[in-house]
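Each of the next two complexes has subunit A plus one other chain: subunit B in the first, subunit C in the second.
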Partner chain A sequence: MDVLIQIIASGLTLGAMYAVATIGLSLVYGSLNMLNMAHGALLTLGGYICYATITHLGFHPALALIAAALVCAAAGLVIYAFATLPLLRAENFETNIFIATIGIGSIIENLMLKSFGPYPIPQPLGISGQVVIGNVHIPVQNILILVTALTLMAAVAFLLQKTRTGRAIRATSMNREAAQLMGVRVGQVYAQVLALSGALAAVSGIMISSIATLTPVMGGDPMLKAFIVCVVAGLGNVYGAVIAAIVLGLLEAATQYVFGVRWSFATLLLLVILVLIWRPYGLFGRGQVVRL
Partner chain B sequence: MKRKSDLSKPNVIAGSRRNFLIRGSAATAATLTGLPAMLFAMNKEARAEGDPIPVGQCGPTTDFAAPDGIEFKNGLTLACEEINALGGILGRPLEPSFEDTAQMGDATNVQAAQRLIDRYGVHAIINGYNIGSGAAIQEVVADNGIIYVHYDTTIGHNNLVKSNPERYWGSFMGDPAETFYGSGFLKFLQGLETNGEWKRANNKMAVILSAGVYASNIANAVKEQAAQFGWEISLFETVSVPASEWGPTLAKIRQDPPAVICITHFLPADLAQFCLQFGPNPTQSLVYMQYGPSIPAFRDIGKETTNGILYATLVGALQDEIGTAFEKRYKEKFGANAGHNSGAQPYDGAYVWATSAALAGGSGEPGNNDQNKKVAARMSSMIWRGVTGTTRFVPIENAAYSYPTQVNDSSLGMPHQFLQIQDYTKGPALIAPAPYGTAKFVMPPWIKA
Partner chain C sequence: MAEPALALKAVRSGYADRIVLQSVDLTVGKGELTAIIGPNGHGKSTLLKTISGLLRVREGEIALAGERIDGLRPDEIVERGVIHVPQGDLLFPAMSINENLMMGAYRTREAAAIAERLEKVFALLPKLKDRRNQLAGTLSGGERRMCGIGRGLMAGGDLLMLDEPSLGLAPIVIDQIYEVILDLRRAGSTILVVEENAERIMDAADRIHLLDNGRFAWAGKGPELMASPQIIEAYLGA
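Moving on to the complex of A and B:
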C-alpha cells in the first residue's frame, strides 16, 4: 500500500511540475501559433528574481512572487517588441520565431549565469512541513505546486472564456486577419498574451525551483517536458495540457517503479510517437486548426 | 632582460620577485613551500618579463557543469599568476586563454582545443574535466605536438595513450581513472568494518547511477568487484537527469533495505534532493555519493539531512598545510563560496607542466615536437607534491597513480580521499586515507546503534 501511495504522490508531484511549466507555453502556442523556446529561460528568470528579491531586498514572499511575475511579464513584452512584432511582418513567422526565441532563451540563461553564478541555489520561497499518509511523507510544498497548477489553469480558463480580453485572444487565434477586420487590435493581443505567459512562467519557475533548486539551466528540462505534454495534449490546448501533464506524471512514476527509472523518459517519448500516429492533433486537440 | 609593455596585462604580475616575497602575505609565501621553490630556483634572477608563453584551457564555463568550469578557469588563472611571480618559465610569463565547451560533447571539445591552438598558439592545454569520451582532445594535441594535462578521470585516457604512446606522448591525466572509485570504495567499507567503526546489517548494496561514462564506469566497477568483498547488489538503478523526484527509487530501497546505498550520479542539486526525500523515512543504510557533496550548494540545499553522508574524490585539495594554504589564497581571490577543490585540479596541473618545462629548458610552441617531448619526458619522471597530494604518472598510460588502491606509499600516489559531512554548516571532514585524514568516521544520525 505504501508503494502505491508513494507512486501516486511522486506522480502527482511530477505531473504538477510539468503542468505549471506547460500552461504558459500552451497559451502562447494556442493563441499566437508561436512556439516560444525562451519559455524555459523565463521560468529560470522568474525563479531567480524571486530569490533575489527575498534574499537581497528582503521582500515578503508574496511580494517577491508578484515582482517576479511583473519582471517576467515585462520580459514577455520585450520578446514581443523585439522579436514577435518584426517577425510577424515577414513570411514564415512560425519558423523564424522558433529560432529567434532559442537565441533569446540563451541570452537570458547567460545573463542569469553572469548575475547569480553557476552554483545551484535553494529557492527561499516555499512551505516546510510534511503530510504523512501510511509511511509515505509528502512535502506540503509538492501539494502547493499541484494546487497552483490547477489554480492557474482555472484562472486562464476564466480569462479566455469570460473576459473581453479572452474573447479577443480567442478571435485572434482562430483567424488573425478576420479578427483584425472586426476591430481587434491584434498587436495588442499578442503583447498581452506574451506578458501573461511571462507572468505564468515566473510562477512556474518559482514552484519548480522550490523542489528542484535554482540553476541557470534549470528551465531546460521543464521546457522539454512541457513540450512533450503539449504534443500529447494537442498544442495550444491549456486544459488538456494540465490533464495530460498529471496523467504523464503518474505514468512516469509508475514506470520508474515497475520497469526502472531509465525507462521513464523513453516511455514518454514512445507515448508521443503513438499519439502522433493515432491522433496527430493530440489527445485533446481538434482535427481542424481551431485552438482554445 | 628588458621589461616589455605587455606585462601590464592583468594576468601577469609585473612586480619583482623580491617585492613579491617581501610584501607577500604568509599565504603567498606558502606557495614556495615544497616544489614551487624548485621552479623559483630554476628561474634564478629572471623576471617573468620575456615573451609570454600562451597556455590554454577549454572547459565548461556555461551550461550545467559551469560551477566546475568557472573554478577550473580560476584555478589556472591563480596558478599562472603565482608561476609568473616566481619568474614564469625561465623568465617567460604565462598568458592564459580560455574557450567554453558548454555541454562538453567531443565535437565541441575538439573545436575548442583547436581554437586555442589556432588563435593563441598555446604551448599547453591545462584543463579540468570535460565529460564526453575523454579521448578526443588528445587527437588535436597529438596532431599539434603540444602538452595536454586534464582531469577527465576516465579509463578511456589510459587505454588511448597505452594504445599508441608514440602518438599520445603529450597527453597526461592529472588524476587516476574513475574505475579506482569502485575498488577504493569497497576497500574503504572493509576498513570501517575491520576497525570496528561500522557493522553491516546485511550484505545488500543498492547502486544508483545516471547515464554517462563517468557514473556508469564507477557503478560497474563497484558491481563487478562487490562479490569479492561479500556484497550482493540488490538494486542497480539508472536515474535520468535531472533527478528531483526520488520517490519511486526510494520506494524500492525501502522495500528491500540495503546496508549501503552507493550513488554514482554526481549532480549536487539532485543528490541534495535525495537527502531531503530520504531523510524523513530513512533505511538503516550507509549513504555514499559521488562528487556532488563536495560542492557547497549540496549542503546549502540539503541542510541537516546531509549530515552523515559519505563521499569520495580521487582528486581534491588536501586539508593539510599545503592544501589549506591554497584554499585560503583561492578564497581570498575568488570569494568565500569559491570551490577550491575544482580549482585545485588545473592549478596543480599547471605547476607540473611549468616546472617540467623549466627543467626541460623551456616549452615549445605548436609543432615544436622535439622541445615538447623533452617537457613530456620530465613530466613522466616527476613526483610532484601539490595541493591535491602526489602527482606521479603511470608509465605508458600517463595517468596519475592512486593511493592506496594502486600504490601503498602515500608519497607515490594521489590520495583517494573519503570525506563525511558531519556538520552541514561546516566543511566536510576528511576521514581517509591515512596519513591525510583529519577526522574519524561518525555513524550517520539515522543509523540506530
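Moving on to the complex of A and C:
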C-alpha cells in the first residue's frame, strides 16, 4: 500500500509538471500548426528570471513567479512578431518556423549561459517539510507543485471554455477561415496563444527547477517529454494532453520503482512507438491536422 | 432597383497567381434577394470570399452602403455588417450548437442583443433549440446548414451572403432551407445567395446574375431567365 501511495504521489507530481509544460506547446500547435522548438528555452528563461528577481532584486516569490510569467509571455509575443508573423505570410510555414524556433531557443539558452554561467544553481523557491501518509513521506514542495499545476490547468480550462478569448482560440484552432468569418482577429489570437504558452512555460520552468536545479540547458528534457505527451495525446489536443501527461507521469513513477530510473525514459519512448502504430494521430487526436 | 446595399466595381480577385474574377460589377439592392448562378468552378464562391475579405481585391472597389470595404480584414468587414455563410458550413465541430451560435455573435458585446437574436434564431429554426447542447460535428447535413444559417443570423448583420445553401441536401431539406431564406427575405433582410441550382432560386430572387468564367454573362429576373432557353442551355446545362 505504501508503495502504491508513493508511486501515485510521485507520478502525480511528475504528471502535473509535464502537463503544464505540455499545455502551451499543445495550444500553439493546435492553433497555428507550429512546433515551437523554443518552448524548452522559455522554460529555462522562466526559471532564471524567477531566480534573478528573488536573489538580485529581492522580490517576493509570488511576485517573482508573476514577473517570470510576464517576461516569458513577452518573449512569446516577440516570437510571434519577429518569427511567426513573417513566416506565416510565406510558404512552408511549418518547416520554416520549426527551424526558426530552434535558432531562437539556442539564442535564449546562450543568453542564460552568458548571464548566469554553466553551473547548476538552486532555485530559491524550495519549501521544506513533509506530509506523512502511512509510512510514506511526501515533500510539501511536491504537493505545492501539484496544487499549482492543477490550479493552472483549471484556469486554462476556464479560459478556453468560458471566456470570449478562449472561444476565439478554440474556434481558430478548429477552423481559421470560419473564425475569421465570425469576426475573430486570428492574428490577435495567435499572439495571445504564444503569450499564454510563454507564461505557462515560465511556471513550468520554475516548478521543475524548484525540485532540480537551474542550468542553461534544463529545458531540453521537459520539452522532449512534453513532445512525447503531445504525440501520445494527439498534437494540438489540449485536454488530451493533460490526461496523457498525468498517465505518463504515473507510468514513469511506476517504471522507476519497478525496473529502475534508467528504464523510465525508454518505457516512455516504447509507449510512443506503440501508440503511433496503434493510433498514428494520438489517443485523442483527429484524423487530419491542417494549418487553419 | 432599391437603394444599393452592396456595390462592386470592376473587381478582380483570385488565388495566388490565378485570377478568377475578371472585372466584375454587381449591385445588390437593400432588402432584396439577389442570386448568383452559374456553372461550378466559375467564381461564385470566389466572389463571396472576396466580398468578405478572405481573398484580396487585386483591382476594383467594393462598397457597402456607399462605404469602401475592399482592403479591410475579414473581421473588420464582419464588423460593418457583412455575414458570410460559407459553402460546407464550416461549423466548429467540437463546439455545441449553442457555442457555434454564440461564435456568430462574437463581435457583439451586449448580452441583451445576443439574447434577442438567439430567440429570433430559435423561433426561425426551432430544431436548433431542441439540440442546442449537441456537438456540431454530430449533426446531419441539413442540421449543419440550419446551424450555419443560424450562426450567420446571430451576427445581426446588414447583408447575409449564403454560399450554395442547397448543396448536397435532400429535396425536402432544401425546401426547409429555402423556407427560412424566404422568411428572412419577407422580414426585409438583404440577401446574396450563390446557387448552382438555378431552378431552385429562380422564383425567389429579385434579381439573378449569371457568372461564367469569372464574368457576369447575363442578369435579369427569374421569369426572364425562364424565357431564355438559349441562356439556360448554354450556361446551366439544362
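We adopt the following convention: the second predicted complex is superposed on the first by the 284 of 292 C-alpha atoms of A that agree within 3 Å, B and C clash if a C-alpha of one lies under 4 Å from a C-alpha of the other, contacts with A are read in each partner's own complex, and residues count from 1 in each chain.
One rule holds for everything that comes next: contacts are C-beta pairs under 8 Å (C-beta built on N, C-alpha and C of every residue); 3 or more make two chains touch, one makes a residue touch a chain.
These numbers come from a predicted model, not from an experiment.
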After the superposition on A, what does A:Leu181 contact: first (subunit B), second (subunit C), both or neither? second
Touching A:Leu42, do we find subunit B (first), subunit C (second), both, or neither? neither
Return first, second, both or neither, reflecting whether A:Arg170 touches subunit B, subunit C, both chains, or no partner chain. second
Between subunit B and subunit C, point out the one touching more subunit A residues. B
Look at A:Ile7 in the shared chain and tell me whether it touches subunit B only, subunit C only, both, or neither; answer first, second, both or neither. first
Spell out the residues on subunit A that touch subunit C in their complex, using ranges where they run on. 164, 167-168, 170-171, 174-175, 177-185
So, in the complex, the side of subunit C touching subunit A is made of residues 52-54, 73-75, 78-79, 83-84, 86, 90-95, 99, 102-104, 106-107, 151, 155
Could you list, by residue number, the parts of subunit A that touch subunit B in their complex? 2-3, 6-7, 9-10, 13-14, 17, 109-110, 113, 117-122, 130, 135-137, 211-213, 215-218, 221, 253-254, 256-257, 260-262, 264-265
Seen from subunit B, its contact residues with subunit A in the complex are 62-64, 66-67, 69-70, 211, 237-240, 242-245, 247-252, 254-255, 268-269, 272-273, 280-281, 295-297, 300-301, 337, 339
